[in-house]
Amino acid sequence: MNFPILSYLIFLPLAGAAVVMFLPKERFNAIRYTSAIFSFIPMILSFWLTWDYFFNFSSSAAMQYVEGPLNWIAPLHVFYYLGADGISVPMLFLTGLLSFLSIVASFNIVNRVKEYFVFFLLLETGMMGVFCALDFFLFYVFWEIMLVPMYFLIGVWGGPRKEYAAIKFFLYTLFGSIFMLVAILILYFSSEPRTMNILTLVQTAPTMLSHSMQLMCFAFFFIAFAIKVPVWPFHTWLPDAHVEAPTAVSVILAGVLLKMGTYGMLRVSWPMFPEAVRYFSIPIALLGLIAIIYGALVSMAQKDLKKLVAYSSVSHMGYCMLSLGAFTSVTAITGCMFQMISHGLITGALFLLVGVLYDRAHTREIAAFGGLGAKLPVYTGLMVLFSMASLGLPGMSGFVAEFMVFVGSFISGIPYFKVITAIAVLGVVLTAAYMLRMVQRVFLGEFNVQRWSALTEINARELLTVTPLAVLTLAIGFFPGPLSDMMQATIENLVQLMAR
Amino acid sequence: MMMAYLALAAILFSIGMFGVLTRRNAVGILMSLELMFNAVNINLVTFNKFVAPEVLTGQIFAVFVVVVAAAEAVVGLAIVLLLYRNWQGIDIDKINIMKW
Amino acid sequence: STGMSQFVVFIQENPVFCILAFVTILSALYVVTLKNIFHCALFLILALFGVAGIYVLLNAEFLAAVQVLIYVGAISVLIIFAIMLTSRLATKQISQTNEQAAVAIFVCAGFLMATLGSMAYSVWRVSRNTLPENNVLALGKSLMTDFALPFEVVSAVLLAAMIGAIVLAGREES
Amino acid sequence: MMTFDLQLIIPEVFLFVWALFIIAFDLGSKRHHSDTLGYLTLIGLGITALLLSVYHGGGTFGNMYTSDTLALFFKIIFLGSAFMAVGSSFSIVSDKIKNHRGEYYGLILISTVGMMFLASANEIVSLYVGLELTTIPLYVLAAYYKDSKISVESGLKYLIVGAFSSAILLYGLSLLYGLAGTTDIFSIRINLSYLFLAHSGKIGPALLLAMGLVIAGLGFKLALVPFHMWAPDVYQGAPTPVTAFLSVGSKAAGIAAFLRIFVGGLLAFSEDVMQPLDWGMIVAVLAASAMILGNITALLQKNIKRMLAYSSIAQVGYVMIGMIAVTELGVASVAFYMFAYLFANMGAFAVATIFHDRTGSDAITSYAGLSKSSPVLAGAMTVFMLSLAGIPPLAGFAAKYMVFAAGIQSGFTWLVILALLTAVISLYYYVNVARLMYFSPESGLEIKAPIAAQVVLAIGVVGLILFGIFPGPIIQFALDTAGSFAFF
Amino acid sequence: MLETSYLIPFYPLLAFAVIIFFTRWNEKVSTYISIAAVLIGLLHSIGVLIAMIARHGTPLEMIAPFVVHPQLKLEVGVWIDPLTAVMLVVVTFVSSCVQIYSIGYMHGDPRVSRFFSYLSLFTFSMLGLVVANNFFMIFIFWELVGLTSYLLIGFWFEKKSASDAGKKAFITNRVGDFGFLIGIMLLAFYAGTVNYQEVFAKINEGAIPSGILSVAAVCLFCGAVGKSAQFPLHVWLPDAMEGPTPVSALIHAATMVAAGVYMVARGMTVFSASAEASMVIAIIGIITSLMAATIALVQNDIKRVLAYSTCSQLGYMVMALGLYGVDYAHHHHSVGYYAGTFHLMTHAFFKALLFLGAGSVIHAVHTNDIWEMGGLKGKMRVTTVTFFIASLSIAGIFPLSGFWSKDEIIAATVGHPVFMVLALLIAFMTAFYMFRLCFLTFTGEPRNQDKYHHAHESPKTMTYPLIALAFLSITAGWVGIPWFENGFSHFVYHGELHEHHPSLLIMFASTVVALSGIYLAYLVYHKKAISADALRMRFLPLHTVLYNKYYIDEIYEYLIIQPTMAFARGLWWFDAHIIDGLVNFTGWLTVKWSDLKQLFDVYIVDGAVNGVGRLFMVLSWIFRYFQTGRVQFYALVVVASAVGVVIFKVTPEGFYYYLGGVLVIAFVSLFLRQNRSEEVDLTRQSEG
C-alpha cells in the first residue's frame, strides 16, 4: 500500500485547521468553504476506504492499510503505527461522513467563525486518529487530543449553561482516561520485550498478566471507555454536554465520540483481557440493561427536545453494552457494531433536526410546540422517519442493530443472559413510548398559528445534511448484509480472541 | 566526648530555631539564625576532629558557612532596612499583606 | 543517680568545656528571650565568643580567629547598627515573642530530643587518627588546592551579597 | 590524581564575568540603555550556551566539579529559564526599575552561575556554596521593587525561610559528613554502605535524621510540601520574571541538588527494605501531599501568580514520583519533566508579566475576554496551561507520561493513580484561565507585547508543541543523564 | 405466476415511493397509481391462488440471505402455501375495494396523495407479512404494519384524539411485540433458526424442551394479542376508530388485526405442540370475545360498535385456533384450525363491508352517533341493503358466508362445553348488537331531522366497492360448505388432512341463537315493544360498567401509565440530583455549603464551574487558610514537619504523641491569645 490513506485521513483536517488559521477572520465564507473542503476530502477518502476494504480485504481479519510501525519516540518504544480492520473502517466512514455534514451544518455559525472551524477540524483529526491508532501511546494521544477542541466548542458556542457543561465534559472524560493511562503503563511494563503495540499486546496479554492483574487492567480500561460511552452511572456528563453544545457538536458527540468508548472496548479491553470479560460479562450486561431502561424512562420525563434525544443516547448505548456482555456471540458483537453505526446516523440526524427547529423557534421546549406537521411537512416527515428509526422500526438500521443485539445476546449461551435480554426488550416499548410522545406533542395536534406562523420549512442546506443520513439509515435497514460481511471476519477473530 | 560537643551544638541549634520561630523583631530573627549557623559549625568541627581528622574538610566547610552566613546577614539587614522604610517598623507579625 | 554522678565526673574532667558551654547556652537563651533587642545583640557577641572558645578546644584555632573577626568584629557591629537604625530604644518594651511560642517550644524540644536521641543511639565511625599538627597551615593549603573552586565561588557569594545590599539599601533617585 | 581542567568551568566563569560587565556597563552608560542591557544579557546567555556546548564532559578539581550529562542537561534548563526570564523583563526593567538595572540582570546571571555550579557539584561543600550563590541574589531580586510593600515582604519572607532552611540543610549535611566522614558524594555512598553492612544495618537513626533535615532544607528550594509555604507569598510579591525564574530555575537547581545527594549519594537508602532508614517513602508521602494540597489550594486562587505558585507546588509532587523511582527512567523523567516545565511555566509567567504590564492587574478574572482582543496572547496562555495540565500533544503530557511510567515501573502505582486524580483536579483551574479568556462575552484590552517577550512566548509555544510531538531526542538525552550516576 | 409471487408486495411499495417522491403534488395521478398498483397485485394474487389450487397446495419457498452469522442466519424469503395464497387474495381484494372507495370518501381532503401513499405502504407491509417465510421477516412487516397503522390512525393529526389514538395503538402493539420478540429469540436459540419450516421441523423432532416451547408459544402469542386486539391489549382498537373510515375498514377490520390470527395459524405447529399454551390462547380468545361483545351491546358510536365487534370476532377466531391447538396436543382432531382461518377470510369481507357502509353513513350524516341517525334506508338504498347483508352474515344466517364459518367455530368447541356455551352466547349478542345498529341507523323515524335532511346516497366510487364486498359476503363462505369436496377445509389445513363430519345440530343451534338475537333487537329497537331505556335502568350498574368498557382504560391509566411517568420523573430527579450530585459531592456538603456560603459565594457564583465537585472547593478553602501570611508560621511548619517525619520513621507511637502535643498546644494558645485581638480577616483578599 503505497498511498498512506490513513495518515491522510488524520492529517488532512489538521492541515485544514492550519490553513483556516491563516485566513482573515472576517472572510466567513472563505473559512467555511475551506473547512468544508478539508473535511470533504477525508470523507471521500473514507468512502473509498470502505469501498476498497469491502471488496478486497473483508475476508481477512488482519489489519489493512498498515502504516508503520515507524519509530516515533524511540526511548519509550513508541511507534507511529496505523491500521484499519473491519471494526475501524465503518467507524472511519462514520467519522468522515458526520464530520463533513456537521461542518456543513455549522455554516450558520456567525460568532468567531474562524476559531470554530479550526477547533472542529482539530476534533476531526483526533477522532480519525483514535480509530486508526495501533500503538497505545498514539491511541491515548488522539483520545485526549479531542478533549480540548471539544471543550472549546461546547464552552464558546454552547447554550446557556455551556461553561458548566464544557468543564464537566472535560473533567469527566479526563478522569476516565487517566485510568487508561495507568493500565497502558502496566501493560507496557509487563510486556517482554517492552511494547506499546496494541496488536502484540492483544496476543500476549492473557498469558503475560496474572488473573487479578487482568481484572485490574480491565477495570481501568473499562472506566475510561465506560465514561465515554457513557455507561450508567457514568452518564451524567452526557445530557449536559449534548444539550449545551451547538448542534453540529452534539452530532459529533453523539455520532462519533460515544462510539470511541465502545470501539475502545472492542479494540482493546475485550480481546486483551478475555478472562476479565468472562468474569465481568454479567455485570456489564446488567449495566447495559440498566442504561436501556433507565435512559428510556428518563427520556420519557424530559421537557426539552434535545435533552430527550440526549438521554435516548444513554438508552441506545445500553444496547451496545448488553451485546458486549455477550462476548461469545458473533451476532451480538456485530449487533454492537451495527448499533454504534446506526446510533451515529440516527441520533446525529435527530440532533441536526432539533437544531433546525431551534434555529427557527429559539426554544426546544416540547410543550411549546404542537401541530407542526401541517406547517412543516417535510421537516415533520424527516423527524418522524428518524424517530421511527430510533425506536427500532424495521426497514431502518436501528431495527437490524437491536434485533442482532437481542438475538445475539439471547443466544450467547451465557447464564442469565436470556433473562437480562428479555427484560432489555422492554426498552423497545419504552423507546416507542417516549419517541411517539415527543412526535405527538411536537408535530401532531393543534397548530399554534399565532406563535409559529413565521416558522419556515427546512432549507436546502439543512436537507443536504440530513438526507445522506436518512439514505444510509434505510440502506442499512434493508441491506445489512454487506456491512455485516465487511465486519464478519474481524468480529469472528475477535470472538475467538475473547474465547481464549 | 564527641557527644558532648554534638549535644552542645544541638542545644544551640534548638535555641536558635526557637528564636527564629518566635522573635517578633526582624533583627532578632537574624541574630537567631546566626546561632543556628554557629551550631552547625560546632558540629562540623567536632566531626572533623573525631571522625575524619585526616583532611580538614569540616573546618573548611565551617569557614564557608561563616562566610555565607555573613553574606546572608548582609542581605538580610538590607532587607530589614527596606522593611523599616516601607512599614516604619520591623515587627514581623505585622508583615502579612500576602496570605491565603 | 549514676547518671548524675557521671555528669559530675564529666564536669570535673572537662571544666573548660563546661564553662564555655554554659556561657554559650545561657547567652543564646538570652538572645532569643530578652525584650531589649540591644541587650540581645550584646549577648549574641558573648555567645559567639563562647563558640570561638569551643573551636579552640576542638583544635580549630584558625576557625576561632575567623569567628572572632567576622562574627564579633563585623556581623555583630552590623547588627547593632541595624538595631540603632530601625528601632527606637526609648519606646516601651513590649513582648518580643509571638503567640506561637508555646508550640515553638514544644517543637524545638521535640527537635532537640530527636536529635540527641538519634545521635546517641547511632554508630559513628570514630577515627583513631588525629588532626594534622599544624592545622592552620594544612587548612590554608587545602583551601588553595582541594577547595579552591568553592573558595572562589564563596567569594562570588560575598560579591553578590554586597551588590545586593547596595541595591537594596540605596535610595532610589526619583 | 588531582586534575585541574579549567576549561570545564569556562562557561560559568564567562557568565560571571559577563554579569560584572553588565553591571559595569550600566554604571558606565549612566543607566540609560535599559533595552541594550537586556539584549546584552541575552547575548551573554547565548554565548554561555555555546561555550557549554564546547566545554563539557569529564570532571575537575578532584571530581568536586563534574561536567556530566546531568549537569549539562540542567544547565540548559537554567540558561533557558534565565533567558526567558530576562526576555520577559524588558518592559518592567524600563518602566519600574529606575536605578540598578544592570544589577538586576547581573544578579540574575550570578544566580544562574550559582545554579550551573550547583548542578556540577559532586561534593557537599561546593554543592552548598553553589546553592547559596543561587539563592542570595534571588533574595535581593525578590525585594527588587523597593517601594512596593509586597515586593519587600516577599523578599523578607524568602530570606527568613531561606536562611532558616539553609541552616537546617547545613545541620543535615553536617550529620551526613559526620556519618560518612567525607563530603564527596561518591565516597559518602561507599562509606555509608560500608557502615551499614559492617553493622548489619544497625547504625541508628542519625542517618534518618540527616536525610530528614536535608529533605527539609532542599524541600525549601523545591517548594515541596510542607516546606512550600513561602512560595505563594514570595511568588506573588516578587517581580513576575523573578517569580518565573524562581519557579523554574531555582526549582530545577533544587532538583539537581536532590538528584546529586539522594540518587547519587543515598541511592542505597531509597528502598523500604532499609526501613526505617529509607527516604523513598518519605518523599512519596510528601509528593502525594504536594499534589493534593497544591492542586486543591490552587482551585480558589484569584491571583494568577499565586495560582501558578500552587500549581508549581503541585508540579514538584509529580517530579518527585520520578525521583523516588530511582531508576534510569526515573532520573530521565525528572530531567525531562523540568525541561517541559521550563517552557510552560516560563511562558505562563511571561504572559502574566506582559498582561500585568499593560493592565496593572494580576487577577485571574481580569483575563476575561482576552481571546478577542489579543488572540495570540490568549492562545499562547492556553497552550501553556494545557501543557501544565498535561494534555497531549504538548510536552507537558510527555513529561507526565514519563514520570508516571517511572512510578509504575518502580511499583508506585498508588502514587501514580493519586497523581493522575489530582491532575484531573488541576485541569479545572488551568482550564479556568482558558475559560475566562475564551468563553467570556466581553472583550479585554488589546495588548501588544515587546519583541523580546514575543520571542519568549514563541519559544514557549514552539518548544511545547515541538517537544510534545517529537520528544524522542530530548528523552534520549534525559536518559543519558541517568548515566551520570553510572550505577543503575 | 408462483415464481414471481415475491413481486406482489413490491407493487404497492413502488406506488408508495413514486407518490412520496414524485407525484405527491398531483392528487389524481397519485390516486390512480396507488389503485393501479393494488389492482395489479390483486390480479397477481388471484393468479397465485389459481396456480396454488392447480398444484394441489404444494408449498413453494424462495430464499435470499440477509445477514448470515455462524450461530444465526437471517434471511428474507417467500413462503407460498394455500393459506398464503388465500390471504393474498383477501388482502389485495379488500385493499382494492377500500382504495377505490377512498376516492370518494377522501375527496376534498388536503392530503389525499399522502393518504394513498400510506395505504400503499400499508398494503406492502401487509403483503410482506403474509408472504414471509420466517419469524424474523414476519416481525419486520409486523412492525411496518404497526407503523402504517400509526400513520393512518393519526392521519388527521390536528385532532388530538386522533394523534393520541395513533400513539396508543403503536405503544400497545409494542408491548405485544415485546413478547413476540422474546418468543422469536427463544425459538432462534433452541432451534438455531427462525425459518418457519426449519423451526417446525425441529419441533417435530422434539428438539426443543416442552417447557421452553410453552413459554415461546405464549410469548409469540403476545404479539398476536397486541396486533389482533386481544384482551388485555385490546384497548387501542376502539380508539383507532379516530382514523378515516376506509382505514378502519382496511386495517382495523379486515387485514392488519387479522395478522395476529394469521400468525397464530401460520405458527400453529409451535402452539399445537403445547396444550397449556394453546389453552391460554383459547381462554384469552374467549375472554376477549365475550368482553368485546358485551361492550358492543351498549356503545352508541357506530364505528365503536363495529370495532368491538371486530374485537369479539377476532377473539372467536383465536379461541378456535387455541382449541385446535389443545385438541391437537391431545391427538384429537378438530376443525378449529380450518374454522379459524376460514372465519378470518369471511370476516374480512363482511367486516370491511360493514365499515365501509358505516363510512358511507357517516359521510352522509357527518356524525358517528347512532342516536342521531335513523330512517336512512329511504335515502341510502345501496348502503342499507349491503349493510343488512353484512349484518346477516356476521350474525351467521344461512346461507351467507358468516354462517358457514361461524358454524365451524362452534363446531370446534365440541369437547369443551364451557367454550361452547359461551360461544353461543356471543353469537347471540353479536346478532343482537348488529341489528341494534341496523335498526337504529336505517329504520324507524329520523331522530335528527337536520342531519337526515342533508343525507344522501354516496357516490358510485363508494357504492361499487360495497356491492363487490356484499357479493363476497354472501358467497365467500360457500367455498367452505362442509359437504363440498375439495373445499376450503381440503385446501387450508394443518398437519394431516382429516375428513370431518358436519353436524346439523350445531348448525341448527347457531341459527336459532342468531335469529333470537335479531328478534330481540327487532323488539327493542324497531318495534319498541321493550323499552331500551327501561332495560338500561333495570341493569344500570351493569350498563355503566359496560358503557365504560369495564374501566380498563382507566385502570391502565392509573396503574401503568401514571406510575410509569411518575417513576420516569422520579428517575430524572434521581439522575439530576443524586447521581449527578454524587459526582458533584452535593450530598451532605450542601448543608455545610450554606453555612460557608457568604464567604465564598463570590467564587462559585462567579462562574466557578464546579465540575470537580464542591468538596474540593471546601478543601481548597480550608487549605488556603493555612497560608497565614506569617513567615514564622511557615518556618514552624517546616521544622515541625521535618521533626514529625523523623519521629514517625523511628517510633510511630511517639509520632502520635508529638502530633497530639502540637495540636493541643496550638489550640490552647489560640484560645489564650488575649493580648492580640486582631481577628483573622476572612473576607480580606489575597491581592496586594
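The letters A, B, C, D and E name the chains in turn, as written, and every chain counts its residues from 1.
Assume a contact is a pair of C-beta atoms (placed from the backbone, for glycine too) under 8 Å apart; a residue touches a chain by one contact, two chains touch by 3 or more.
Computed from a predicted model, the values in this text were never measured in an experiment.
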Omitting chain C while every other chain stays put - resulting connected groups: one piece
Any chain that touches chain E and chain A: D
Identifier of the chain whose CA centre is least distant from the whole-structure CA centre: A
Top chain pair, ranked by how many C-beta pairs fall in contact: B-C
Farthest chain (mean CA position) relative to chain C: E
Centroid comparison with chain D (C-alpha atoms), farthest chain: E
Distance from the mean Cα position of chain B to that of chain A, given in whole angstrom: 65
Mean-CA-position distance for chain D and chain A (Å): 43
Rounded Å distance, chain A centre to chain C centre (Cα mean): 71
Sites on chain D at which at least two other chains make contact: 125, 129, 132, 136, 139-140, 143, 146-147, 149-150, 155-157, 160, 164, 175, 178, 181, 205, 208-209, 232-233, 236-237, 424, 428, 435
Shared-contact residues (touching 2 or more other chains) in chain E: 607, 609, 611-612, 624, 627, 629-633, 635-636, 639, 642-643, 646, 650, 685-686, 688
Multi-chain contact sites of chain B, meaning residues that touch two or more partners: 6, 13, 16-17, 20-22, 26, 29-30, 46, 51-52, 57, 60, 64, 68, 71-72, 75, 78-80, 82-83, 92-93, 95-99
Pairs of chains satisfying the touch condition: A-D, A-E, B-C, B-D, B-E, C-D, C-E, D-E
Contacting residues of chain A [partner chain D, same complex]: 71-76, 115, 137, 140-141, 144-145, 147-148, 151-152, 155-156, 162-163, 166-167, 170-171, 174-175, 178-179, 181-182, 185-186, 188-189
Chain B-touching residues of chain E, taken from the complex the two chains share: 624-625, 627-632, 635-636, 639, 684-686, 688
Chain B residues touching chain C - in the complex, by the definition given at the top: 1-8, 10-19, 21-28, 30-32, 34-35, 38, 41-42, 45-46, 48-57, 59-60, 62-64, 66-75, 77-84, 90, 92-93
Chain D-touching residues of chain B, taken from the complex the two chains share: 6, 13, 16-17, 20, 26, 29-30, 33, 36-37, 39-40, 43-44, 46-47, 51-52, 57-58, 60-61, 64-65, 68, 71-72, 75-76, 78-80, 82-83, 85-87, 92, 95-99
Contact footprint of chain C on chain D as seen in their complex: 2, 9, 16, 23, 60-62, 64-65, 98-100, 103, 106-107, 110-111, 113-114, 117, 125-126, 129-130, 132-133, 136-137, 139-140, 143-144, 146-147, 155, 175, 178-181, 191, 195, 199, 202-209
